[in-house]
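Here the chain labels run A, B and C in written order, and each chain numbers its own residues starting at 1.
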Amino acid sequence: MTGRPLSPLPAIARHAVLLVAAAVVLMPFVWMLVTATKPPEEIFVDDIRFWPERFYLFENLTEAFEKAPLARYLLNGVIVTVTIFAIQAAIALPASYALAKLRFAGAKAMFALVLLCLLIPPQAIAVPLFLLFYQLGILNSYAALVVPFVISVFGIFLMRQFFLTVPDDLIDAARMDGLSEFSIVWRVMLPTAIPALTAFGIFSVVSHWNDYFWPLIAVNSEHLYTPPLGVVAFRNEEAGTAYGPLMAAATVIILPLIAAFLVAQRRFIEGIALTGMK
Amino acid sequence: MGGLRASRPLRDTLGTAGWTMSAPALFLMLLLLIGPVLAVVAMSFTDYQLGAAGFAWIGFDNYAALAGDRVFWTSLVNTLVYVAIVVPTSVALGLGAALLIEAGGSFRAFYRAVFFIPVMATLIAMAISWEFMLHPQFGLINLALKSVGLSGGNWLQDTRYVLPVLAGIGVWQLFGFNMVLFLAGLKSIPRSLYEAGEMDGVASAWGRFRLVTWPLLGPVSLFVTVISGIRSFQVFDTVHVLTKGGPTKHSEVLLYTMYAEGFEFFRSGHAAAIAVVFLLFVLALTLLKTWAIERQVHYR
Amino acid sequence: MVGIRLSSIDKRFGTTRVLEGVELDIGDGEFVSLVGPSGCGKSTLLRIVAGLERQDRGTVSIGDRPVDLLRASDRNLAMVFQSYALYPHLTVAENIAVPLRMRRMTRWQRLPAVGRFMPGSRLRRREIDEAVRDAAEMLDIAHLQGRRPGQLSGGQRQRVALGRALVRNPDAFLLDEPLSNLDAKLRVHMRAEIAELHRHLGRTFVYVTHDQVEAMTMSDRIAVMMDGVIVQCDTPQRVYHDPQDIRVARFIGSPQMNVLPATRADDGTVVFAGVSLPLRASAKSGRSIHVGIRPDAFAPAAASAALLSGSVRHVENLGPEVFARVEVAGLGERLVVRFEPAAARALRPGMPVDLSFDPARAVLFDAVGRRIECWSGEGARALRALGG
């Protein structure tokens, strides 16, 4: 922490501890992947065998994709997260701009409302939302998966904090140039807000791709299952038998986010740290 | 655009624009957030069941029923025990990992990424991997224990182990997030403070930690603790997928109970009461978090 | 006696050479400033003395003892940081007490809560409290002892940093641009206070600053650093009047010294823009030389006795003195000339002006900036009168 490079002995100790911890942390992933490469007879064995005798990954993957509509689940994941974020952004950006830069009666009250809504955990309101959707007849549809989340108070809060730092001069210049307030949001504020928007997007996509609670409640048709639901459905059907394909399916489910994370690590971690600090 | 517009003053135009731009958000907040909260509170005072024709206002009967329901109390206690295990462990591990990573210069990005991956990976999918690893006969953990001569238990079916094991998975999934927050906190400590400490006679790593690191991490630590509390209170996924609250309710947690009441038995009024209890706990923790942020701001 | 000696200090960061062969001998109780433009290595040198950086080559000795193997915490030096580096969670009194607690109390006595019950702890704590109070009173911050740094002004924080340094009675004080975060008025005030503190304590002070006025007003000696080398180390008077390098001449003094590009005639006379000046340089100076004349060395002259002529381009009236920028043939930059307020009343932009200067005040540098000897001469003046 003083920035001085460590002398050899502490440096080795540090690596030793961190490497052991890393091994423990990665074990579930590694084991999942390894199991996905094994044929059935090698999975239920009495001792630890790391490497497969027969490399069975492709067979497991094929079986996984045959037994369950994995591609469909992934597609649903993409459809749901992208739609949610797109609508969230479309609603949050103008609202947070208005709250940050436009003085209108009730702005303070509305922001107080935003802060209040930040306190609400999503699971607490699941029951009334479910009943509402039941009455509206939209349960078990994409709408059911998307609608509850189109309002992201966290996104409004984040973008507002960011917009507050944009100099007023920039906006006044745009007004002098004849832009309407609406255009200002999309033409002036949005380009400057890319970092904050990225953090918002990462937070939204990650939490909705991984969401289990609400999709479990909202849909029960297989063709609508999001990735978490899909992999659980697969497990329930194949209870205890097709472990190889199950692990292969699980690997496929987590791969998109992990790959994205490894590629854009810094953005992810900055984004998550930002969201944590809200 | 020619000449001056003799139209409404700018303030008015901006004011209207402000309203039109925030109206959709306002409407949705009321419809999807505030409304449901009010609804769930109201519902907790009814005996509504899904599909029923009508309902009656029954006052605090739902809450009285909860107070007398052993399952509810077991559920609440389990949840609190779970939180009591997960929070200190994940905070300590997060801090430890952050300190170790910051202490040296090499491979920081690597370790940071490795410890953070569980936070990102779909918990459900990883829970299934954990389930296999915890398999009493063919699971990696028991096989490993066997290889050193120890016998492993039936982790998810044994009433003594199930909650701690689930807590362990919770810690595994959470501490990377805490680590990232601590890393940000460590980075914001000015190096000159450590140098001043050096000049003042602080020579050991422990001395540096006590004089500079820990006090300056105070607000962050508080924040991390509360966030971990909120997140661990919301435990559901692992329970629903791995144990369904069993064996014999030893892993029954608050959200699972609410889910069962509301979406398996469709006793909406009753579920609403549980939801309100849940809400109150999380609200208390969230307000604590807000207070922690305020302290952070005033600290410097 | 605790002086500080630096021998042959080399330091590089990566491929950049930051310090090269630095030699410096600081006497016990002396106030030495390290001054120079940003990036000249002065802060790095200070940190090497402190022990916060390790030099690549060379030795640091404190009181004739080489301290290179000692950590910063063992060198018995105190440092005041540019950002003050006060512990934000501790009160003023606690901040000042830290160095004493670290050194005089054992780790058992320092434990929170239980520490006070350890044997000997009460006596120690009382001693420390007294020392802290004394330091606070000396710096006039006794009334702030219960506050936290976040509640103090810049000047007050500075004093707390000073208090933390002097409470230990160290062998020497190292100050790293301690005034640069203060506003101008406060800086002037604190300059005097620090100088007085030095006189009162009689300890060695090593002071880093980029502000040559601070260095000039506070130091016993100034070490002017450029590009990792100490170019000249002398008293303020000598550095000002007798610079050994053109860079020192340009850096010290405000406004900057005027530097005229000139040539040396065969007989040694210095010629500028075709005019022979009453200066002679020795043969080994080479042909092309620089003449340095400070703005206050000029005086208005009659046309016949004028050495330089030009026209006034801009007048800056500071009150007690007036500076005129004069365009002179043969000189790329404007000449800066100081005038008394009385003489200045007649100055107008555009008007012609005739100047002479005191040849004894002129300094000559060779083509690479080294100082060369110069004679002011009857001989030279006689030559002029003959029209040569």
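In the analysis below, a residue touches a chain if its C-beta (ideal position, glycine included) is under 8 Å from a C-beta of that chain, and two chains touch if they have at least 3 such contacts.
Given the structure is predicted, the values throughout are model-derived calculations rather than measurements.
> Using the contact definition from the top, classify how the chains connect: line, ring, star, complete or other.
Per interface graph, the chains form a line.
> Can you pull out the chain pair that has more C-beta pairs in contact than any other?
Ranked by contacting C-beta pairs, first place goes to A-B.
> Need the CA-centroid distance for the pair subunit A / subunit B, whole Å please.
One centre to the other, that is 15 Å.
> Could you grab the centroid distance between subunit A and subunit C? Build each centroid from C-alpha atoms only and quote it in angstrom.
Centres of subunit A and subunit C (C-alpha means) sit 57 Å apart.
> Would you please write down the residue numbers of subunit B that are in contact with two or more other chains?
Answer for subunit B, listing residues that touch two or more other chains: 195, 198.
> Any idea which subunit B residues touch subunit C in the complex?
190, 192-193, 195-203, 207, 211-212, 215-216, 218, 298-300
> Contact residues on subunit B for subunit A in the complex?
Those in contact with subunit A are residues 1, 10-11, 13-19, 21-22, 24-26, 28-29, 32-37, 39-40, 43, 50, 97, 99-107, 109, 111-126, 128-130, 132-133, 137-138, 140, 143-144, 146-147, 172, 176-177, 180-181, 183-184, 186, 189, 191, 194-195, 198, 208, 213, 223, 227, 230, 234, 236-237, 240-241, 255, 258-259, 262-263, 268, 271-272, 275-276, 278-279, 282-283, 286-287, 293.
> What part of subunit C is in contact with subunit B in the complex they form?
So the residues of subunit C touching subunit B come out as 50-52, 71-74, 77-79, 81-83, 85-90, 98-99, 102-103, 150, 164.
> Can you name the residues of subunit A that touch subunit B in the complex?
1-3, 5-6, 10-11, 14-15, 17-18, 21-22, 25-29, 31-32, 35, 43-48, 91-92, 94-95, 97-99, 102-107, 110, 113-114, 116-121, 123-132, 134, 147-148, 150-151, 153, 156, 175, 178, 180-182, 185, 206, 209-210, 212-213, 216-217, 227-228, 231-232, 235, 243, 246-247, 250-251, 253-254, 257-258, 261-262, 265, 268-269, 272-273, 276-277
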